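This structure is in structure tokens; I'll ask about it shortly.
Per-chain residue numbering starts at 1, and chain names A, B, C, D, E, F, G, H, I, J, K and L are given in the order in which the chains are listed.
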Amino acid sequence: MKDHVYKLVELTGTSTTSIEDAVNTAIKRADKTIKNLCWFQVVETRGTIEKGKVHHWQVTIKVGFTVKD
Amino acid sequence: MKDHVYKLVELTGTSTTSIEDAVNTAIKRADKTIKNLCWFQVVETRGTIEKGKVHHWQVTIKVGFTVKD
Amino acid sequence: MKDHVYKLVELTGTSTTSIEDAVNTAIKRADKTIKNLCWFQVVETRGTIEKGKVHHWQVTIKVGFTVKD
Amino acid sequence: MKDHVYKLVELTGTSTTSIEDAVNTAIKRADKTIKNLCWFQVVETRGTIEKGKVHHWQVTIKVGFTVKD
Amino acid sequence: MKDHVYKLVELTGTSTTSIEDAVNTAIKRADKTIKNLCWFQVVETRGTIEKGKVHHWQVTIKVGFTVKD
Amino acid sequence: MKDHVYKLVELTGTSTTSIEDAVNTAIKRADKTIKNLCWFQVVETRGTIEKGKVHHWQVTIKVGFTVKD
Amino acid sequence: MKDHVYKLVELTGTSTTSIEDAVNTAIKRADKTIKNLCWFQVVETRGTIEKGKVHHWQVTIKVGFTVKD
Amino acid sequence: MKDHVYKLVELTGTSTTSIEDAVNTAIKRADKTIKNLCWFQVVETRGTIEKGKVHHWQVTIKVGFTVKD
Amino acid sequence: MKDHVYKLVELTGTSTTSIEDAVNTAIKRADKTIKNLCWFQVVETRGTIEKGKVHHWQVTIKVGFTVKD
Amino acid sequence: MKDHVYKLVELTGTSTTSIEDAVNTAIKRADKTIKNLCWFQVVETRGTIEKGKVHHWQVTIKVGFTVKD
Amino acid sequence: MKDHVYKLVELTGTSTTSIEDAVNTAIKRADKTIKNLCWFQVVETRGTIEKGKVHHWQVTIKVGFTVKD
Amino acid sequence: MKDHVYKLVELTGTSTTSIEDAVNTAIKRADKTIKNLCWFQVVETRGTIEKGKVHHWQVTIKVGFTVKD
């Protein structure tokens, strides 16, 4: 079996609705230009506040994908 | 342009429904006494357990706001 | 009043829907064999990606429970 | 059941005798102006040295208390 | 000489008197069911507050012990 | 000799010129409302970018001061 | 597809020859009593010294395995 | 309002004069090939020594920028 | 002397034999598309388990290289 | 006023009685060969176990002292 | 080519003017008694406050140097 | 039984062959001037790259040894 190599890129996704949605926003965008996305890890969760509630969730993730030979 | 100063306070919000709701509980309360809330960062996510499921989500955040002169 | 002792075990719960659901999946399973579950702390949030979106949320938690004498 | 909000403040208590005493020095002072103190977490333990032994124990803690509506 | 294997379990001991006592409460309990306890490491020190002073010290430790073949 | 208690507050100072200036901006503002400022620790250094260079340095510090009885 | 639950246990493996061997010593022992071992993560690498060289490599790992229903 | 996605890249800038200059060296270079640079965070500050003083400041930063659709 | 800029990318190399081999797998692949690779730092060491032993070592590294003008 | 330079050395003190005593054991020994000891910071608290209780407390500290010109 | 060994010592340099100057104060002093100083890493930046501004910058660094055979 | 004191020094060992060899290079050198070396902990693993592979492994360790009275 071959030894794979993966690359990790760091992205911040945003959403007005939820943490899960912010993560998916980032992954959806990455999927446009990167093939073989495999996994992600949440690095940081933060956001902006307006009118006494969360306005934008900003979730920073690392996304890992297979690097082709 | 003027150099701003921000202050950060640490709060734990709770909720029986979700992490997002626990964060908003804390921010909503902070908004009663602090003006100019700008952003937050999640510090820790924990909670209590009852009857084999999460009872209260307890999310600790740092909230940043502009300090007026 | 007696001095209690608690034990913490580390579990990874998974879910196709949300972080909260992944946490509850782990707690629900722990509840089958451990009595007196008290609290949990989120240790890490990651997951797998398929078709440009999160496939499985994988949330690692520490679960604390009372150790009987 | 209502969703509570807690605030955490960071204090450094000092003592010439012990770590426990330094923590209690900080809590005792906080109790003068803050109601509903609930819990604390030790953040850092350090101190000053004089004549080849610890002179002052300096223990930094975070103290959590209930924020009233 | 044989290559040993050790296991680490995480426990929270409590005490109304001191950090040392809380650690010993946890170790004493572990000793009832685990043989060959070797060492411990303090992971976190926190506690509850009542009437302006520490009520219960809660010290989380990892305890290491030899795993027999 | 009396056992002192110190409080730490977290502030973000900003400056268009330097890290040192951003720290002093925060301290100068704190000094308007807090007496007995003693020390600070840098928590995080970040900033905004405009036209290919740093626009605002944003330095978050913890400031410690003596709490009077 | 079902939502799995994994458990993580912490072990220290030892070896007089290499880090890799110390990890395998721990995994080999875990495999005797735990089914479905899936993955591990290195937590800490340390060791004992004798006669000016490493005597025992001590590698602490977390081992994850599937928890059956 | 649209949900933005940001990417973060890690760079080490160097300078013989100051930390601020090393950060700007990295940002200036990034600006040549990346549009919409927004913010940076200092990750690590180190450097080389020659003749009893700092020769090169080496400051590692993460730079964030908007990812276009 | 000119002030250099370096970029760091994060890669996971795998190997069935050793940690060193996993690192070299990642570097060898990076060398195909990146010139001027200078240094690396190990970020995390983990792996998969099969038949009671390590199947694949997965070592995540940051690789630094000179960015040309 | 002159700009001082301090050096920090890392020591592990041991004691059969308490954490405070282990710290003082290390400082007392350092005081034999180092002048101008100023302060210490606790780095790690661990220990050995015998007969179901702590046998030796092992507290690792950093000790800072003034370096003379 | 020979395999080198380096030693790292931890120092705190101080300065009334800047972070860079505090680092150089420490390095300059180290250079008096240690040959072959190679590199440094900033560990912590803190300082004292007087009259509403930074009085002394206190920067703790690790300094690495070649150990001769 | 007497209360021992240990000192820890930080060293970086290098090797063109392996991580284990780099650790032993550092320990072998330390053993020339320090008696009673007891244990080590790996602090950081990094290295230099040449011709698409690791050139020098650079492993930083803390070495602990007994301090005589």
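We adopt the following convention: a contact is a pair of C-beta atoms (placed from the backbone, for glycine too) under 8 Å apart; a residue touches a chain by one contact, two chains touch by 3 or more.
From a predicted model like this one, the values you see are computed outputs, not experimental measurements.
Novice: Trace the shortest sequence of touching chains from chain D to chain K and report its length in steps.
Specialist: Steps on the shortest route: 2.
Novice: Please find the path from chain I to chain L through touching chains that uses the fewest steps, and give that number.
Specialist: 1
Novice: Degrees of rotation, nearest 5, to put the Cα trace of chain E on chain K?
Specialist: An angle of 120 degrees brings one copy onto the other.
Novice: Just grab the chain with the largest centre-to-centre distance to chain H, centres being mean Cα coordinates.
Specialist: Following the centroid criterion, the farthest chain would be E.
Novice: Could you figure out which pair among C-E, I-L or D-F mirrors the B-C interface, over half of its contact pairs being identical by residue number?
Specialist: Among C-E, I-L or D-F, the interface that shares over half of its contact pairs with B-C is I-L.
Novice: As a quick test, compute the distance in whole Å between the mean CA positions of chain A and chain K.
Specialist: Taking the mean C-alpha position of each chain, the two centres sit 38 Å apart.
Novice: Suppose each chain is reduced to the average of its Cα coordinates; what separation in Å results between chain C and chain G?
Specialist: Measuring from centre to centre gives 21 Å for this pair.
Novice: Could you put a whole-Å number on the gap between the CA centroids of chain C and chain I?
Specialist: Here chain C and chain I have centroids separated by 32 Å.
Novice: Would you kindly tell me how far, in whole Å, the mean C-alpha position of chain L lies from that of chain B?
Specialist: 44
Novice: Which chain L residues sit where two or more other chains touch them?
Specialist: 9-10, 18-19
Novice: Using the touch rule from the top of the page, what pairs of chains touch, sorted by label?
Specialist: Those chain pairs which touch are A-B, A-C, A-H, A-I, B-C, B-D, B-F, C-E, C-G, D-E, D-F, D-J, E-G, E-J, F-H, F-K, G-I, G-L, H-I, H-K, I-L, J-K, J-L, K-L.
Novice: Which part of chain J faces chain D closely enough to touch in the complex?
Specialist: Chain J reaches chain D through residues 18-20, 23-24, 27-28, 31, 37-42, 63.
Novice: Applying the document's contact rule, which stretches of chain K touch chain J when the two form their complex?
Specialist: 9-16, 21-22, 25-26, 29-30, 56, 60
Novice: Under the touch definition given earlier, write down the residues of chain K that touch chain F in their complex.
Specialist: Within the complex, chain K contacts chain F at residues 18-19, 44-49, 51-54, 57.
Novice: Residues of chain J touching chain K in their complex?
Specialist: Where chain J meets chain K, its residues are 1, 3-10, 62, 64, 67, 69.
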